[in-house]
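Next, two complexes with chain A in common: one pairs it with chain B, the other with chain C.
Up next, the complex of A and B:
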């Protein structure tokens, strides 16, 4: 068992390796964006002393007359229809509190949850007492945002058989702004694993189930050992996602797949080395540019 | 210790993975994560170091002060450890929440340095029974990402390596009163030899196997861990069991023989050459 040691090197800022042609106008809270009063102010800005001042840190985006600042690192802000992956933190009277990396804990009402077997009936007192049998503290679920309360808290629902409790797999937490909005967030990757890209930044990687269990609805967790080949694919995917995040690339099924293919020549544990990370992300970026152009 | 909630299925996945020697991030049971060591980061200390091990971030500062030696050891200086778990690391450490963990880590550090060979304490003596150097080692936990003890021991070793103690001369007057003179040259200082300073290796028992350098998720799946403090020559200075589970004496023997022997040499040999990470 050998440990690799290397001589010190100066730290490289990420922007150098990006090689972007146009330099983005970055601001920090308190910076003046412009003194021109003809602009409408969008998110992340406020008017103070006749000039537009930024309230978050990030690049300035301008669309015609609208100026807004897109924050680099935020908590998840819920929108109706988003897919999220969350962890149960509390079991309350008729609802569960779910942690989704937002400012307030999200809420999953008992009436918004699918009963096992897909039944549709009024929830009774027995159901309330049996809540802990469905979901306990620490369990992971995939759900969809049903509504957003006025204080920003999000109400979830699992009213479809594709949502519900998650079984064996790996959770990766990334900044929510790096998850691209797409038509579907459930992907079965051709490399042999499946991925749920939660809009809140929680990414769930799990082995593709052999056959779709229509009746279970996801409540009976499969605790059989996962095969070594599947584990290797899942670990490799996890490391690829972590490398894409350190280089601040948008996460969606194509970028993750290209990154996976670029990482195949390396060993799984080597992907976390800084220079290997840079190399595979650079290759991914090039392939994505070729594909677009 | 900072803990993370995991579902039963996630724990089962991690435990089965460890049995097959393939952890969640692709490492084997005896692989460490990337460690980043930076010395001389705090300017107003005698020596400092910052260590990043995955998500764990530790900052250590060493200050050398003059004081009187302990009564039972009049010819030696000594080390004082203080560990501060800052609330930045995790909300559990807010207020007095981090005190328990801090005292536990400090006591472990006292134990691993409580022997004649780790640090040459005689070189810290200025004049017997009257003056000696006391090294105050302050450890600050900036971020908690699993495997605290290993990272802290590496950081303490690097900070001690970086410590510069000014050279002093004791002048004696005709009346017999002693005067201490510090040299003006800032580069005229003595450095400590950290060859025999031990490093801690934490072996977490998960299922039937043990892993080195556990992440927070893996620590949540393990019930018992063995802390072994070992020098580069393979000399064990301290051994401690933590956790509410139990360890079979047979498995303790196996863990010590196997892992600590193999990890002692590479961990202990750094910092062999004087170096610093240069940042822009």
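Up next, the complex of A and C:
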């Protein structure tokens, strides 16, 4: 068994990504954004002593006359249409409470859940009693945000066959601001695994299923043992995602794939070393820049 | 904040480990974590650390009128608070259930057991009695709050000194600490709570569960005992069904543990008493060690190493030989050696090559010193392996600095010194470019 010891080294600041045209105006809580009173104040700011002061830490965004500060590290704020990966925390009457890394637990109503077999009927009392058979405390699900309540709580639905209970895989928790908004969040990566990039910061990596099961509707969890090759791919992906997060890179399928390819010469466990992390993320950045322009 | 739920994998892992008699921190089933007791400058103030769980206890007293139906007895008041810094899940409004349960348990343990003589707290019957108030604050939650809180309460009470009072006829004189030494409370015995966590419907039990173990436990049995093996309080929660012999066994274990903990408490109290009498420094500033952020030290945990040798031999015999052989160091001139070859420059066009060099230099662990305040121009690259002695004689420079990983650089003016470096060069440093430290 190999053992490695290292001494503490001063942490290096995350370098600015190369080639950014304008430097972003970063503020911390308490910083004055502007003394010009002509602006309307948006989220993350407040008015104090004739000045606009920031209340969260992040870059200042300005749209015409509206100034707001987008927080770097927040809990997930739901928007309609987002894909989220969540964990069931409670089974209540006619609904489940799902933990999605937001301020309040999200709600999955029984009526928003697909019945096995894809039936469309009114939920009866027996369905209510059988709720625990579908989803128990501790299960992971993928769902879409249907509505946002006035207090910020999010209501989910799994009314499509691609959503539902998740089987075997690895969950990575990242800050929600690092997940890029895209058209689709379910990706089948060419390296041999599939990934679900939840907008709430929960990323689910799982082995690509051989054939799509259309009828199950996402309830039967596939518990067959996963092959070693698949496991290695999944572990490598997980370490790549962790290294991208430490370097504060946006996560989307291309960046994860490039990072995976950049990490191939290293052993899976070496990816988590600080120097190797910097190296592969720098390479990923370069490739992404080349691809863009 | 709501507590993050435990994932199914973690829960299963913990339960499986407990089934195999393994605990996450390497303890045995009946082992307690390290208990540390420190006292503050005031009498009656103490901090108890049970592993990482920390409880602060403070005792204070006041003269009040007694209760109407107990005119000759003093008043005891216990209060445990779960501070918000103890765990993210503790919020001002949210912790009611747990808080009520802990407070009730503490009260039963300390008040109903009559460990403190309340009659002695009476000053003037029916008019003035002492009200003793014990405030406990949970500073960090890592499992088993009740044990730590009960130890903190009893230690604080034993440590506390109340002002001396004398009654002459109708006159009551209250002496300040300067006039007369304060008087300790009269404590009959020291009840201590011992917690037992049960798993799999009572099949497995653990003493002193930590936070993870508490999350997956089925039920909890708390036995409060003193060193005379008298049970003061017993409480079973969680709805598990325990057999008679299980409860008896737990009480025997509790007896043993309470003896050990009581001894520890006596020793701590004596030490503090001695330090105060001799006029030495006491208080939290002295007793709580400086915890520097760069010194990461784990407390020693007793681990069973009886089968380590066989396992190690097994692994060595089955393992393949190491793939990369580190080449022998080549001694260029006295004081300069080289191991292996540096790899090709793979960066292509370098815009800021100097910055790259500096960065690489900063991240090399073998030689930590950033600011190179060397006077010499000696290029020291990856110095020697365990076998090659380094001969530092005949140097043209006058002063030479040997950089060793842990120690400060020592300036050496002398000649032949053969120093063997203990640290073998890591594989990583072989791959890195050959480093030349030039004076800037």
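Convention: the second predicted complex is superposed on the first by the 279 of 293 C-alpha atoms of A that agree within 3 Å, B and C clash if a C-alpha of one lies under 4 Å from a C-alpha of the other, contacts with A are read in each partner's own complex, and residues count from 1 in each chain.
We take it that a contact is a pair of C-beta atoms (placed from the backbone, for glycine too) under 8 Å apart; a residue touches a chain by one contact, two chains touch by 3 or more.
Note that the coordinates shown come from a computational prediction; the quantities given were computed from them, not determined experimentally.
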Task: When chain B and chain C are modelled together on chain A, clash or fit - done: clash
Open item on the list: Which partner chains sit in contact with A:226 here, chain B, chain C, both or neither? Use first/second/both/neither.
Closed with: first
- [ ] Examine A:89 and indicate which partner it touches, taking first as chain B and second as chain C; both and neither are also allowed.
- [x] both
Open item on the list: For A:275, using the defined touch cut-off, is the partner it touches chain B, chain C, both, or neither? Pick first, second, both or neither.
Closed with: second
Task: Partner chain(s) touched by A:7 [first = chain B, second = chain C, both, neither] - done: both
Open item on the list: Quick check on the superposed pair: does A:171 touch chain B, chain C, both, or neither? Answer first, second, both or neither.
Closed with: both
Task: First, second, both or neither for A:138, with chain B first and chain C second - done: both
TODO: State whether chain B or chain C is in contact with more residues of chain A in the superposed arrangement.
DONE: B
TODO: Have a look at where A:289 lands relative to chain B and chain C in the superposition and call it first, second, both or neither.
DONE: neither
Open item on the list: With both complexes overlaid on chain A, does A:105 touch chain B (first), chain C (second), both or neither?
Closed with: second
TODO: Would you mind checking which of 153-161, 243-251 or 297-305 on chain C runs into chain B after superposing?
DONE: 297-305
- [ ] Mind sorting out which residues of chain A both chain B and chain C touch, each in its own complex?
- [x] 1, 7-10, 87, 89, 137-139, 171, 274
Open item on the list: Please output the residues of chain B touching chain A within their complex, sorted ascending.
Closed with: 5-10, 12-13, 16-17, 20, 22-28, 30-34, 262-263, 266-267, 270, 275-280
Open item on the list: Using the touch definition from the top, list the residues of chain C that touch chain A in their complex.
Closed with: 2, 4-8, 11, 294, 296, 315, 359, 362-363, 365, 368, 370, 405, 426, 428
Task: In the complex, chain A residues that touch chain C - done: 1, 4, 6-10, 12, 87, 89, 99, 105, 137-139, 171, 274-275
- [ ] Sort out for me which residues of chain A touch chain B in the complex.
- [x] 1-3, 5, 7-11, 13, 87, 89, 137-140, 166-171, 221-223, 225-226, 228, 231-232, 235-236, 238-239, 242, 267-269, 271-274
